[in-house]
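There are structures below to look over.
Two complexes come next, and they have one chain in common, chain A, joined by chain B in the first and chain C in the second.
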Partner chain A sequence: MFASLEKYYGLFRIRAKGITVYKGDFVVTLLLRVLFPVLMIFVWTAVYVTTGTTKIAGFSLLGIYAYFLITASLAPFRSDIDDMIGSDVLTGAIAVFLVRPITYLLDSIITDLSTVVVGFFTLTVPILALAVLFVPLNASLLLFGLFGVEAIAAYLISMLLEIMVGLLAVYFTSYAGMAAVINRCMSFFGGGLLPLSFFPSQISTVLSYLPFQFLYYVPAATLSGSISVQSSLFSLAIAAIWIVGLFVAAKFAWRAAKKHINAVGV
Partner chain B sequence: MRQSLASRLMNGARLVYISQLYSFKIAMVYRAQFALTILDTFVGMILPIAFITIMYNVSQGISGWSFYQLLLLVGLVDFATIVVYYANPARINNVLRLGYFDTYLTKPQSPILMLLTKTEGMWSFFFGMWSIIVIAFACANLSFSMMNLAPFIITVLGGVVTFMLFTAFTGIASYRIFSQANSQNWLMSNILSFGQYPLKIYGNIGAIIFTFAAPIALASFYPASLLLGKIGILYFFAIFGLEVALSAVFLKASETLLKGYTSASG
Partner chain C sequence: MPDSIITISNVKKRFKTYKAGEHKKGFLGRLMRKYYYNQALDGVSFGIKKGEITALLGKNGSGKSTLIKIMTGVLHPDSGEVLVDGMSPWGDRTRLAKEIGVVFSQHNNLYFDLPPSDTFDYMKSLYSVPEHEYRQRLRYLLKLLDFEDKYKTQTRLLSFGERMKGNFISALLHNPKIVFLDEATVGIDLPSRFALRKAVQQMRKDFGTTFVIATHIVDDIEALAERIIFVDKSKVIFDGPRGEFDSIIGNKKHIELQFSDGVDPKIKGFGKVLEQGEGYIKLEIDSDKVKDKSLSRLLFSKGVIDYSVYEPDLSYILGKFYATLDKRKK
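Right, the complex of A and B next:
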């Protein structure tokens, strides 16, 4: 069992090192992640200050600052596994994995996890530190703990959804356009661009039944104190149900996709 | 015998036309992907509009700018987005890094023109199409003097050319600085996002940056301000002069940087 874990740990280390090979590009990418919350800070400062508004949908100006910084810190928890799977299917590289003594999906998840872990230390922690120091974000250890659990749930939901998106490449010769549309919608309806409480109430109600809210809105609203601890715990319970459901769906999707994979030698 | 300027311009225009026609034909081989690309560009265009719609639904928006005025800015930035597909920094970096540029040096056309036209024009076409619809819709709901229309169109086109040359310069500069430059496209995407809002919200430093260093304001804010009468018509000459000057600077800088190109053949 330990030998099996060791091989996955070895893969994890190799992938994590590979992320930082192009150091200049890596550093620029990190800096660029901060640009969107900076833009939102400028925009919403203009809205609040120039119009004399103090609260919008329960968010004060500092609350909005905290919200966008926290959503930026969640960026590493958005899985890129769909790109990996899609690319492997289109190039036929997936055939190699099907004959290896390693589960293809597990290998992809480990590669993806390495990105998450590197991103956590290089992006999540510094941005949250910025939020705590400059907003300032006055969150208790309990809220940070809840945020941590919700961030993990966000990653699991994102990964399971993206696995199914990536497997579309098995059925469509070129799936990139569809994947781009789905990913944009997931970000928008997940609260990546705006808190979901800003949406009209009918749309907000529909979105509260979908899993996308757990990608950004629920963790950010929990840590910024916009929703109560009880609501956070209730949301976590809903997220757990979604994770189980999506896991089953992803398993079925993978089994069905394996029968349709066309590659040289398969 | 040296070609006349008119002849060179005609050859350049013919090259652009044939490149784009070829890229369309290639793209239409995969019809489902073609349809999804149209959908992707539509969703990419609609999300910023949904953002400002929700912003004006929950608040009074940005002081001094109505919803339709902001919609005009969004449409202009979407129009400027088409240049990112032509002067795609990551693609330019790859072309230079992998040595494909060698073949451009042997052609009778300008290497920079070859660099800008050898791309997939499909996304540019559809982004341009959607953006013109948005600009027309915004203008239909705005009142402005018809005397401002010609200066508006001239400064939009001039601003787009300036931004395209800036984007190409960024791609070529990234070749000299980075081994891999996938982050450059993301940088352009962020700069475009900043261009969707009035310049005044970024303060004096922001205004200088987005006018001279990353001149998206020349393609969006200044033309919109001219059309809406927010700045006097005499500013047209200053803006157009700046566009010409900056275009010359970025073109000259790109040509200078290309002198450091190392051929893949040694």
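Right, the complex of A and C next:
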């Protein structure tokens, strides 16, 4: 048991060390992730001020500030595991991991988690602190707690979806275009570019049953107070069902893909 | 084979591939590629004994790397049976991984942006190596491969040969029973190559480690292998001890000379002429003739601009092999 934990901690440590080895690059990447939400804040300020509107689809201007700051804070919870799996499969580097006494997927998930944890401390915490101090975001501890659980659910859903996207590399030599389209869809239908309540009601009803809303919209709407605690809890229950379903699907996808892996350089 | 640590029976594996510009027939055919199947292994069988140093010899694309990947659980064969240390490589992959060490020349085991020492520390926790054993083994391997000054330098700053030494150490820190080296000595500098060879011999002596070495470098075989499995066109064309292999190809070396004023006819008396051109000659000579004094005198004479002595290359050996097989059939 302890030997297993030591193995996973060892992997987590070396990956986290690898991410932060070039500190300048690390900081620039972080700043780049914040660029879009900052841009959105300027765009929506212009919209609200020039039109004299006080509320759009239930969001006040301060609500919009809070929403985009919270989605920015969620950036580390979007998994990058598809890139990792895709490049390991295409370059054949997967061979190195397949001869180690650890399941490849678990190795990739822990590697991915090290990015999440580093990102949580360097991006999520400072951005949320900014939101609390300057917007100001008046969320109760209960809402922060719910947000925490939803952020974890967001990561699990994005990670399980991205595993299947990454495994496309096993079947298609060139999968990057497809992966980019799927990733953009995840951001768009997840509420990363616009709050889902901005969409026409029929579309938002459909989206409320899909897994993407949990990536940004549900946690951001919960913490900014634009949805009630009850509907947030209801969303969490749907998220749990999606997580179980996607877990089973990802497991089958990996089992099928394993037999087709032709490590490059054979 | 009952005393074998590795048994392979009738293994077949093919890969799907396509050729650029070739499409299927018909109206929509232009949009669809025409696929071919490349038979990488076609009914391969052999056994490897515990503590043996075995060379899997073959040209590039002969199927030896596919064999290594099947034996280590990376690839699934289409058919056939494989047992490595009593386990199925793909069925018991993570359990088998604890008993084997693998070095791929094309893929780095070291984390590129960190020094090898970080990878070594991770290997310690990955394989649950006790602290004192780890320190002892690390010291032993660092000394054996002359890597003490380098293992704390960032991997990306190391030479290819140094990285290969680091890969080798990381694959052996957990004291595996079987070590697979996939073209591990290709493209590295001579001192590193010699250090790796020395390490293989020493580890076999000290720990009884079994080594399976896939290579197309005949020199490696001369220096290391006790047993040779020769793979060509997806089949095993020879499986036997080094002595038998040497008796087929003969204990020969190749020598090439360049003369300033035409080839000195005296050189032809030292061996069989393979090629000759304007001021150039290539000969096959008996290995012991390399130290012949009269040959040395001729090599150092004024008329010789340049010369080189080397092991026969694989294409030449293959030719000899097929000729011998034909003779035996007749």
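Note that the second predicted complex is superposed on the first by the 263 of 266 C-alpha atoms of A that agree within 3 Å, B and C clash if a C-alpha of one lies under 4 Å from a C-alpha of the other, contacts with A are read in each partner's own complex, and residues count from 1 in each chain.
By definition in this document, a contact is a pair of C-beta atoms (placed from the backbone, for glycine too) under 8 Å apart; a residue touches a chain by one contact, two chains touch by 3 or more.
These numbers come from a predicted model, not from an experiment.
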(request) Go through the superposed model and pick first if A:Tyr9 touches only chain B, second if only chain C, both, or neither. (result) second
(request) May I ask you to decide whether A:Thr103 touches chain B, chain C, both, or neither, giving the answer as first, second, both or neither? (result) second
(message) With both complexes overlaid on chain A, does A:Gly92 touch chain B (first), chain C (second), both or neither?
(response) second
(request) Give one of first, second, both or neither to describe whether A:Lys251 is in contact with chain B, with chain C, with both, or with none. (result) neither
(message) Quick check on the superposed pair: does A:Val181 touch chain B, chain C, both, or neither? Answer first, second, both or neither.
(response) first
(message) Just checking: does A:Leu193 make contact with chain B only, chain C only, both, or neither of them? Give me first, second, both or neither.
(response) first
(request) Give one of first, second, both or neither to describe whether A:Ile56 is in contact with chain B, with chain C, with both, or with none. (result) first
(message) Quick check for you: in the superposed arrangement, does A:Tyr22 touch first (chain B), second (chain C), both or neither?
(response) both
(request) In the overlay, answer first, second, both or neither for which of chain B and chain C A:Val43 touches. (result) first
(request) Would you mind listing the overlap between the chain B footprint and the chain C footprint on chain A? (result) 22
(message) Taking the touch rule as given, give the residues of chain B at its contact with chain A in the complex, in rising order.
(response) 30, 32-33, 35-37, 39-40, 43-44, 47, 50-51, 54-55, 57-64, 177-184, 186-187, 190, 193-194, 197-198, 200-202, 206
(request) Spell out the residues on chain C that touch chain A in their complex, using ranges where they run on. (result) 15, 40, 65-66, 69, 72-76, 93-95, 97-98, 100, 102, 104, 106-109, 111, 113-114, 118-119, 121-122, 124-128
(message) For the complex, give me every residue of chain A touching chain B.
(response) 22, 24-25, 28-29, 32, 35-36, 39, 42-43, 45-48, 50-51, 53, 56-57, 172-178, 180-181, 184-185, 188, 193-194, 198-200
(request) Show which residues of chain A lie in contact with chain C when the two form their complex. (result) 3, 6-7, 9-11, 13-14, 17-18, 21-22, 91-96, 98-103, 258-259, 261-266
